[in-house]
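Labels A, B and C are assigned to the chains in the order they are written; within every chain, residues are numbered from 1.
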Amino acid sequence: MTRKTYTVGQIAEALGAEAFGDAALPVTSVAEPQSAGPTDLAMATDKTYAEKLAQGQAQAAVLWQGADWEALGLKAAIVPGRPRYAMSGLTRLLDPGQGFPSGIHPSAIIDPAAEIGQNVSIGALSVVAAGAQIGDDCVIGPQCYIGWNVTLGPRALLREQVSIGARVTIGADFFAQPGVRLGGDGFSFVTEDKSGIEAVRETLGDTQDTQAQGWTRIHSLGAVTIGDNVDLGACVNIDNGTIRDTQVGDGCKMDNFVHIGHNVVIGKDCLICGHSGVAGSTRVGNNVVLGGMTGVSDNIFIGDRVITGGGTKVLSSIPAGRVVLGYPATKMDKQIEIFKAIRRLPRIIADVAALQKAVFKSDRSD
Amino acid sequence: MTRKTYTVGQIAEALGAEAFGDAALPVTSVAEPQSAGPTDLAMATDKTYAEKLAQGQAQAAVLWQGADWEALGLKAAIVPGRPRYAMSGLTRLLDPGQGFPSGIHPSAIIDPAAEIGQNVSIGALSVVAAGAQIGDDCVIGPQCYIGWNVTLGPRALLREQVSIGARVTIGADFFAQPGVRLGGDGFSFVTEDKSGIEAVRETLGDTQDTQAQGWTRIHSLGAVTIGDNVDLGACVNIDNGTIRDTQVGDGCKMDNFVHIGHNVVIGKDCLICGHSGVAGSTRVGNNVVLGGMTGVSDNIFIGDRVITGGGTKVLSSIPAGRVVLGYPATKMDKQIEIFKAIRRLPRIIADVAALQKAVFKSDRSD
Amino acid sequence: MTRKTYTVGQIAEALGAEAFGDAALPVTSVAEPQSAGPTDLAMATDKTYAEKLAQGQAQAAVLWQGADWEALGLKAAIVPGRPRYAMSGLTRLLDPGQGFPSGIHPSAIIDPAAEIGQNVSIGALSVVAAGAQIGDDCVIGPQCYIGWNVTLGPRALLREQVSIGARVTIGADFFAQPGVRLGGDGFSFVTEDKSGIEAVRETLGDTQDTQAQGWTRIHSLGAVTIGDNVDLGACVNIDNGTIRDTQVGDGCKMDNFVHIGHNVVIGKDCLICGHSGVAGSTRVGNNVVLGGMTGVSDNIFIGDRVITGGGTKVLSSIPAGRVVLGYPATKMDKQIEIFKAIRRLPRIIADVAALQKAVFKSDRSD
């Protein structure tokens, strides 16, 4: 369980980047320039960072195109085309991981009617229910629950205390952070007669004379279907669909506390930031980015490549390609203009009062 | 663990709906018209849905009042009075469930001083602490925790990895989705001298000359009391009260990630949507609906039958029957008028400047 | 597992408060005046509360300075200097706790390469991984996970189902509510070429002609470092840093569902309320208070002693000492003025139209 060691040359080759200087120099991790130890590769991807190299002990660094590595006092350097992208390869190589033991822990409880693939690890005190199918090379952390008839594709990595409800289907290369919850029942309730909410949706007014009523659950007969190469942050929740599966497309990435409601369909390669939620039956296109704390109403459509800024509340459908911000969601450039205008509003009100006084010889606003 | 089969006639009878055609036709599940198989009951509750019946293989469907089932090529049909409500009965009948095994799993750890009712199932690796009382016919999923002196009423269904802290009391017919957390300590901290927050609450201004201070916990001596027929979504959190229990009334339904703070009292039949939170010591009436991501401040009152739209932030008390939206919460019709007005604000500012120029021969706003 | 009993005199002495009347009177818990039993200490810290003493059976109460305890019919009274602060000492004394059994439960799975301090309790079905170091006098609840090479300081209290990922370091006197998740991988993804988000950040406009691309993970090589005396609410998530640890300073208190992103640095004695989130690489000063549902953007700075009101969305850095509210965050007094002005906006628009008609003989706004 010690960290792997690579040479500068091996790392540069893995990244498709140029290496300079002593390609045999060993590297065990990556660090900020000022706190780098002698076997750390310092990330000094612009001049500001490079100035701090002297405060640390780095002998090798990742530098920007055109940097003079010798003048910086280094023994070796790596210069990638796009340093931000190089970070993905670099951190994948050097990730020390969670140290989960290999193999199936004797305390794991695996139903005889589950099918476990080749080279699968299952952590201490995990439970795998009947009918579950676990693909090859999966790593299931400790204290996880894999429900009845779940299908988990190859090479999944589940961190500790992840739960997957019955009949959920997941593609290849799935990565779930701690506490992910898949396959809760959808939040779908109905009243025997028309409810206050239905009345309000029709009128945007008050609750009329609707009677106070109790709520009856609509059970979820569907489950959740997740594509390949999906990463879910800690505590992400994805609920079951009502009569078909809730769907998440290939390549989607979700941050902590994201909530995906029942019947939602999400396209490919979407990025959904922390505390965001998509309410029931909404359809989200491909390559959509939802900023942190974005809320999306139920039963609407979000087009391909839409981007929402932090805190956006989307109350109606958004066409493809639009960038929005605010509550309610508004085109970002327009919203920023509105934010500025709102700051001036108390002054404008005074101006209008002054104009009224001048024009009408009275102030009618108050 | 195969799905149950019903006939069209049995389903119609259970729903109190009219059946047409071959009442003996078997049904195993429900589906959308276009993806229905030969034993699926298609949900074709309006003409738009019905047009897609031809794309699927359904032989029976749920139709709207007055629909011509024979013209749609069906062998049988069910016509309920209110199709949306019929969905609750239909999905309850056909719910395949989670496949939790019956009985008490040998790996469950049950304190000898716990009282377990008749016909209770407890899943693998669940823990039941001393003094806990589990009512008859409860199903406790795998890896749950039932704390010291908890009382759980009859017919509860707890999904996987639910935790219930000491001294929590729950009524009959409770349903908890995965990862529900009951009985955390309330978020209540105090400083030795007056804090910056207390100063701001008094003045709405700055933090005055309050000293930086550390925070000391006020422990929760109370717990949580939950009524009958309450459903909690995945990861719902309800915190303990300080010197009495936090309370949730009969028939309340909460969606994923709902947070109920310490000392809160919630009435009956409330519906609280995803990511909503009610801060400490607030009282919520009966039949209240909080839309997704609604935040409710501490120490206020929300009257009966109040409805909040998605994203609403409630900063002060709301009288009974009101429908609100926005940040801060405003009557919904007024808020929609305001949203429209705000979009015109940059133009209005230009108009005011033009007026000032005309009236005063100068533009004083800039 | 019965509640401890104290005398009125012992409690007064522990609180440094004055005792009146029968100091030997026994007290087992604290209650509201109207529901107090004969051994409950009633909290009657102002006249309104004191009026309800007659409805209960309290023989002793906590009163305000100058109250006439005998006239209230009590046998004993405690009068602290600052009653709100006294609640912390009082509830700490009388907290019945969770009833977790002492010692290491035989079902706990502890790697032989873990180091367990003196007088440690570890609950049923908890897992402690190799290299973990558990300080003296820690209490780890049931079904917890302590990862590889975690360091947990002395006197920690972990409630049920808490998980701590590899290499996380925690100081003394840590308190984690149920379902806390430490050490998830940071939410950091990169595209091979410039992404739509990067384009929008440059232009605040649309996504230009950026190509739809997939997302590649930047792994977290860092972990999380937490100071002394930190309390985390149920389901709090703190993610690992990229090349150094995410940091939380001494004395911080976080409420349920708080999310702290990768690389964030939080100072000392901050109070972060429910559903708040701080996005990646942001730095937060000391003694900061974030109200409920506050969102803080990535890569910004929040100065010391900043306070945000409920629902605030912080899109840019805030200087020390400022009190803010709203979306976007605005100085609180200014924001309250703006909230009032916005409510008048529809009327103002009508006024401007009337002015235009009068001045220009036309209404140009529509």
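The working rule: a residue touches a chain if its C-beta (ideal position, glycine included) is under 8 Å from a C-beta of that chain, and two chains touch if they have at least 3 such contacts.
As the structure is a prediction and not an experimental result, all values here were calculated from the model.
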Copies chain B and chain A - interface residue numbers shared by over half, same or different: different
C-alpha-based rotation, chain A on chain C, 0 to 180 degrees, nearest 5: 120
Chain A-chain B separation of Cα centroids, rounded to whole Å: 23
Per-residue multi-chain contacts in chain A, two or more chains: 125, 143, 161, 179, 235, 257, 275, 293, 327, 342, 345, 348, 352, 355, 359
Complex interface listing, chain B residues touching chain C: 109, 125, 127, 129-131, 143, 145, 147-149, 161, 163, 165-167, 179, 181, 183-185, 187, 189-193, 196-197, 200, 204-207, 212-221, 235, 237, 239, 242-244, 257, 259, 261, 275, 277, 279, 293, 295, 297, 313, 315, 327-328, 330, 334, 337-338, 341-342, 344-345, 347-348, 351-352, 354-355, 358-359
Residues of chain C touching chain B in the complex: 1, 29-32, 35, 43, 82, 84-85, 87-88, 91-92, 94-100, 105, 107, 123-125, 142-143, 159-161, 175, 177-179, 229, 231, 233-235, 251, 253, 255-257, 269, 271, 273-275, 286-287, 289, 292-293, 304-305, 307, 309-311, 321-323, 326-327, 332-333, 336, 339, 342-343, 345-346, 348-349, 352, 355-356, 359-360, 364-365
